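One structure follows; several queries about it will come next.
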Amino acid sequence: MSAQSLLPWMLMVPLSWATLMVLLAQQRDAITRVVNVVGALVLVGLSVALYAGVAQEGLAVHALGGWSAPLGIALRADGLAATLVVLTAVVSSACGLYAMTSERAARTNGKSAPRYFWPLFWLLITALNGIWLAGDLFNLYVGLELLGLSAVGLVALGGSEASLSSALRYLMAALLGSLAYLLGVALMYAAYGTLALPELAELITREPMTQLAIALMTVGLCLKTALFPLHGWLPPAHGVALTPVSAMLSALVVKGSFYILFRLWFEVAPDVVTPLAAQGLGILGAGAVLWGGWQALRESSLKMLVAHSTVAQLGYLFIFFPLAVGTGATAAALATQGMLLHVVAHALAKSAMFLASGTLIASVGRGGVADLAGVGRHMPMSLFAFGLAGVSLMGLPPSGGFNAKWLLLQSALASGQWFWLLVLLGGGLLTAGYVFRVFRESFLESPDDAGQFTKTPRAYDLFALTLAAMSVALGLASRAPLRFMTNGLAVMAGVQ
Amino acid sequence: MKRRYRHLSAGAVSVALGAALWHVVRVRPTPSVSVASLVADALPASGVSHNVTAVLLNFRSYDTLLEVAVLLAAAVVALALRDEPSARSPAHVMYVALDAFVWRLAPLLVLVAAYLLWAGSTRPGGAFQAGSVLAGAAVLLRLSGLKVTAVDHRLASRGAMTFGLVMFLCVAIGTLLAGQALLEYPAKWAGALILLIEAALTISIGVVLYSLFDNAPQARVSDRESERQRER
Amino acid sequence: MNTFATGSGWWLPLAVLGSSLVPALVIMLLSEQRQRTRTALNLSAALIKLSLVAYMTWSVARGNSYELRFGMLPGVDFVLRADAMAMLFAGLSAVLWLFTTIYAIGYLEGSPNRSRFFGFFSLCVASTMGIALAGNLVTFLVFYELLTLSTYPLVVHRGTPKALKAGRTYLRYTIGGGAVLLTGVALLSMIAGDVSFADTGALVNLIAQDSALLRVAFWLLIAGLGVKAALVPLHGWLPVAMVAPAPVSALLHAVAVVKAGAFGIVRVVYNVYGVETAQLLGLLFPLAVLASTTIVWGSMRALFQTEIKKRLAYSTVSQVSYIALGIALFGPWGTIGGLAHLLHQGLMKITLFFCAGNYAETLGIHDIDELDGAGRRMPATSVAFTIGAFGMIGVPPLAGFVSKWYLGLGALEAGMPWVLGVLVLSSLLNAAYFLPIVHRLWFRPQAGPWPDERSFGKHETSRWLLMPAVATAVFTVGAGVLANLPYSPLRWAMLVSVRVYTQ
Amino acid sequence: MSADRLYAYVGAVLVALALYAFLVHTHVLRRLLAFNVMGGGTFLILVGLAQDGRGPDPVPQALVLTGIVVAVSATALAIILLRRWFATSQTTSLPEDGSS
Amino acid sequence: MIHLAFDGLLGLVLVATAAGAMFSRDLFRGVVLFVVFGLLMALAWTRLQAPDLALAEAAIGAGLTGALLLDAIGHLRRRRRSEPDDSSVSPDTSA
C-alpha cells in the first residue's frame, strides 16, 4: 500500500480497537490480552510501513471523504509526522504491554485492575495519531480535546483521592488551554476563510487579528505543554497516574500540543512570529529547566521526581524558539534538529524511566525516594533501565539526549547567544543531581533488607530496558532519522 | 493579600484579552477564500440538501468521527467511575413535582427526536440535536423519580453507547476497503449512508449523554468510607 | 560519509571495544551465583582483547592504521581509529586490565553484588578502550563521559554511607568537568568543525583569525580533562574515592580515570592543536607551570597522610602530572618522557595498589604505622611494593628513572631549566614519603598481632591477589632495564614523538 | 453595524468576563460555568466574524455544533470527577495551582 | 434598525446573565442563570441564521449542561456536612 492510502488506517485501527475494548470490557483476561497484542502489532506494523512509504514517496496527503482542502480535511504525513507516528506506536505498545503485565500480576494477587483502561488507552493513541497527521486547524482542536479528555480519564482511573484531584486540575488546565486555542482558530477562520494548514501558510500576513490568533493559540498550547510557569498541573497528574499512563503522558501527550505549536510557528506563520516572542518563550523554557530541575532535586516521591523532570525537559524544547526565530539559517537548522531529536529521545527515555520507577515502587511497596535503600541489589535491571534513561535525560553521551543537547549547543554558539549555553549546561547538571540522587539511595546497603522486596514480573524490566536502550542507541545513529524528520520542513529550507 | 494579587492579575489579563478581541473585531480583514461558496457548489454531490449536515457528515465528517470519540471518552470515564450498585442511593425524590408534566412530555420528546433526525438531511436538525433531545427525555424521566434503565456495565449498555461509532467505523472502513478515500461515499449511496450513520449516532448520543448524567457518582460519604473499610 | 568508511580492518577497533562491551552486558545479566561462568568470561575477554591489541600494535608499528567511521549526528562523525598514540594507551589498558581482572576476582571472592561489579568493571574498560581509540574529539567525549558513568557504581560499590558520600564528591567533580569539557568541545567544533585527531594537529590554519577563541577553548578543554587528571586544584575527588575496593582504586589510578584525563591532554595538545600550534599560541608554558605546581603540591600532601591508600592517592596526583609536564615541554625529549611516564606510572602505581590491597585483605592493615614487620610475613608482596616505591622515586634502572631522565632532557631542550628543580624536589619528596614505608616493612619488628589476619595456608596470601602484583612489579623492572628493546614503553613513546613534530 | 459583527463583540466581552471568572474562582462548578460561558463567547466570535458581511456560513456553524458537543462532554467529565472526588475529600475547590 | 436594537438588547442581556451566572453568590442561582443564558444564546443563534445551533444550544447547552450542573449542586449540597460557603467573589451582578 502507498503511504497515502495507509494514512487513514493510522486512525481507524486505534479507534476500532477502542470501540472493541468498550465492547470487550467485561470479557475474560485472555481474550482482551490477545486482542490488544494483535492491535499493538498491527499498529506498529502499519506505522513502520507508513514510515517506509513516506521515506520512499515523500509527503503523503489523503483527502478525507474525497473532498480536497479547504472544503474537506486532509491527513498529511511528512517525515516528522511519520516519525512521530512510529514513536507513538513503539512507546505506547511498550506501555500497553507493561499495563497488561501489571493487570495480570494484579489478578494473580487477587486485586482488581482498573476497568476501562483499554478503551481510553486506544483513544489516546487515536488522538495522538490524529494530531501528528492533521492538516486542519479545527481538526487539531478536536484532536486536542480527545487527547485531553482521554488523558484525564486515564489519570482518574487510579481512583484514589489524589488521582481524582490531579485529574480535575489537569482537566481544568486542558480546557482552558484548548479554549484559548479554539479562540485563535475562530480568529484565523475569520481572517482567512479557511482552516487548512497549507492554504493558511500561503495566505497568512502579519496583521493584528492573525497576531492575536497566533498569540492565543501559543498561550493555550503552552498551557497544555506545561510550560513554566503554567506547569502546576503536570507533576501531580503525571506523578499519581498508573505507571504506564504516566509514561505515555510524559512521553507523548505533552508533545502533542508542542507539535502543534511548532507547526504553527514554523510552518503556518513563520512571518507572523517575532524574535521577541521567541525570546520570551525561551526564557520561560529556561525557567522550566531550572525550576523543574530544582523541584525534582527536592522531591521526596520517586514518581513525582520523574514528573518534575518532565517539566524541566519540556523547557529544553522551548529554548529552541529563540535559537530558531530571527537567527541565521544554520543556527535555525541546528536548533530544529536538536529540538526534534530531543522530542524523540525524551519520549523514549522518559517512558523508560517511568516504567522503571513503577517497577521499583512495586518492588519496594512504597513510593518515596528514600524507601529505595537497598533496592540496588534486588532490582538491578530496573535500576539499570532507570540509569540508561537517566543518561539520555542528563544529556551524557552516547545518547539521543546528548546529541540533541549538542545540536542545541552548536546552535547557541552559531547564533552567538551564549546565555542559552549556560542554561543547557546548568540543566544537565541539575538532571545529573536528581538522577544520581535516586542511585545514591538505591545503592545504600542496609544489613537486613532481604525480605522486604516483592518480586515483580520480569517482563517489566524488558519493556523499560528496550525503551531506554533505544534512547541510548539513538545517540549513535541520529543522522539518518534526523534527515528524514527535517526533510521538507520550512525552517530547514536555508540549509538543505 | 495573595487573593487580591490573584484578582488583580486575572483582571489585567482579562481586560487585555477583551480589549485585543474588541480591537480585532473592529478592524477585521476580509478573507479572500470563501469555503461557504465551495460548500454551496458541492452540496448537490453531498447526498443531503441541508448544508450544515453536509459539512458535518460529509465534507468534514472526520471531525465528527473524532467528536464522537470524544463523547465516548467521557462516557467511558463515567462508566469507570460509576458507583458500585451497593453504593448507589435510591432514585431522587426531589423533583417529584415534575412528575405529571414529564409523563406527558417524554413521549412527545421522543417524537421530536425522531423528527429532528429525519429533518436533518433537508433542514435544520440532525443526529446531535435528536440525540440530545432523547437524552433530555430520559433525564426528565429520571428526575421525576422514574426508574430508567441504568446505563451500566452490561453489554447491552456498552453496545448502545458504541452503536453509532461502530456504524460510523463500519462505513469508514468500508469506504477504505472499497478503495475510496476515508468516508468517501459512493454518489448513489451518500444520502442513505449519512442517514444510517445519523440514525445510529442518534441512539448512541442519546444513551451516552444520558449515561453522563446517570453515572455521575451518587455515593454518600459514609458509604464510601464503609466501602473503603471493607476493602481493607 | 554516512556509512562505514575506509578499507579493510575497520572491524578491528570495533572488536577491541566489543571484547569488553559484550561481556559487560552478559555479565550484568548473569545471576549472582554463576561464579565460574563469570570468571571464565572475564578472563577470556581480557585475553581476547590483549591479543587483538597486540596484533594491532604490531601492525601499527609497521605503518598501518585502522579506522571505523560513521555519521553520528549532523556534522559529526563517530570515529574509532588505531594510530600509534592510540595503541600507546590501548596497550597499557589491555595489559593492566588482565591483571586487574585477576586481582578483582580474588579480591571480591564471596562478596555480594559481583555481577554488577564485574559488569561495570568491563564497561569501564570498554570506555577506556574507546578513549584510546577515539579518532576525534566528540568520540573521545562520548567515551570520556561513559567512563564517568561506569566508574560511579564501582566507587560506591560497598554501599556504605561513606562510599556513597565519596561517590557524590566524585560525581560533582567529574560531571562538572564533563560539562566544561563539553563546552570546550562544542566551542572548538564551532570554530573548526568536526575535529579529527591528526598527527601534527588540525588547527594550524586557524591561528590567524581565531586565536582568542582557540585559547579559550584550550583552557576549557584542559579544565574539563584536568578534573580526571587530578590537576591541582581539581584533584579533590581522588583521595576521597579511596573508599572504593582496591582493584577499583588500582584501576582508577593506573589505567582508567586519571589516565583518561592525562591521555585527553595528550590528544588535545598533540593531535588537536598540534604541539607546534600550541607553542605558537603560548599555551605550553602555563601548562608546565600548572603541572609543576601539581607535582609539588601532591607530593607535599602525600607526606602528611597516615593511611596507605591516601598516601598513594596523593602520590598519584603528583605523578600523573609528570605526563602533563612532559607534554608541556616543547621538543621531542619532553614528549618521550611524558608519554613513557603515561605507561610507567601505570605499571608502578598499579603494583603499589595491588600490594596495599593485599595488606588490607590479608592482614587487615590500612594505616602506615601498622606495617611494621610486614615484610617478613608477606615477602613477595613487600618486594613488589618496594620495587614500585623505588620506581616512583626514580631509582635507576627502574621505569620511573627512565621517565624522569627524559623529562630532564626535555626541560633543558625546551629552555625551562627550572623544571629540573621541580623534578629534583619531587624526587626528594617521593623518597621522603615512600622510604619510611619501606623501612617499616623490612627493618621494624612486628608490633603486636595483625589487625585482622586471614590464613591462606602455606602461601602468604591468595594466589589471585599475589600473582598480579608480582607480575606488574616484574614489568616495572623490565620497562627500565630493557627500555631499549622494541615495543618497550620507551621505544613506543619515541615512535609516537617522531610523528607529532613536523620538523 | 451588522448583527453578525455585534454578536462578535458580545462574544469578545463574554470571553473576557469568563476568563476573569475562570481565573479567580477555585470552586470547580463555578469554573465550569465560566468555561461554558467562555465557550459560548468563542462560538459567537467564530460564527459572527465569519458571517459578518458575507451571509450565513455553514462551516463555522458545523464547527460550533461540534464544539458544543465537545463542551458538554468535558463538562460532564469534570462533574463526574468532581462528584467522585467530593465523596472522598469533602471539598469542591481545587488545591492552589501556583500557576493560575 | 429595530432588529439592531433587539440584537443590542439581547447582547446586553446575554452579558448580564452570563455575569450573573458566573459571579452570583449563590451557586444554585448561578446555574439557573446559566440555563437562562443558554436559552438566550439559542435566541442569538437564530438571529445569526443558525437554527441548527439554536436547537443544539437549547437542548445541550442549556438543557443537558444545566441538568448536569443542577444535579451536581443538589448532590454536593446534600452531601456537604459543614458548609464553608464558597462566596468567593465580587458583588452580585445578576440581571
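Note that the chains take the letters A, B, C, D and E in the order they are written out, and that residue 1 is the start of every chain.
One rule holds in what follows: a contact is a pair of C-beta atoms (placed from the backbone, for glycine too) under 8 Å apart; a residue touches a chain by one contact, two chains touch by 3 or more.
Only a predicted model underlies this, so the values are computations on that prediction, with no experimental measurement involved.
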| item | value |
| --- | --- |
| Least hop count linking chain C to chain D through chains in contact | 2 |
| Central subunit by CA centre of mass proxy | A |
| Remotest chain, chain E as reference, centres from CA atoms | C |
| Distance-maximising chain from chain D - centres being C-alpha averages | C |
| Approximate Å spacing (C-alpha centroids) for the pair chain A, chain C | 42 |
| Interchain centroid distance [CA atoms averaged], chain A/chain D, Å | 27 |
| Centroid spacing, where centroids are CA-atom means, of chain B and chain E in whole angstrom | 20 |
| Centre-to-centre distance between chain E and chain C (centres being mean Cα positions), rounded to whole Å | 77 |
| Interface hub residues of chain D, defined as touching at least two other chains | 9, 13, 15, 17, 24, 43, 45, 49, 52, 55-56, 59, 61, 63, 65-66, 68-70, 72-74, 76-77, 79, 81-84, 87-88, 90 |
| Multi-partner residues of chain E (at least 2 other chains) | 50, 52, 56, 60, 64, 68, 72, 75, 79, 81 |
| Two or more partner chains touched - positions in chain A | 138, 142, 145, 149, 152-153, 156, 183, 187, 190, 193 |
| Inter-chain touch pairs (all) | A-B, A-C, A-D, B-D, B-E, D-E |
| Residue ranges of chain E touching chain D (in the complex, touch as defined) | 3-4, 7-8, 11, 14-15, 18-19, 21-23, 27, 30-31, 34, 37-38, 41, 44-45, 47-50, 52-53, 56-57, 60-61, 64-65, 68-69, 72-73, 75-76, 79-81, 86, 88-90 |
| Chain D to chain A touching residues, read off their complex | 15, 22, 28, 31, 35, 38-39, 42-43, 45-46, 49-50, 52, 59-60, 63, 66-67, 70, 73-74, 77-78, 81-82, 84-85, 88-89, 94-95, 97-100 |
| Of chain D, residues touching chain B in the complex | 5, 8-9, 11-13, 15-17, 19-20, 23-24, 45, 49, 52-59, 61-63, 65-66, 68-70, 72-74, 76-77, 79-81, 83-84, 87-88, 90 |
| Parts of chain A lying in touch with chain C, wherever the complex brings them together | 334, 337, 341, 374, 376-377, 380-381, 384, 387, 391, 394, 396-398, 402-403, 406-407, 409-410, 413-414, 421, 425, 428-429, 432, 436, 439-440, 443-445, 475-480, 482-483 |
| Contact set on chain E toward chain B in their complex | 50-52, 54-56, 59-60, 63-64, 67-68, 71-72, 74-75, 79, 81 |
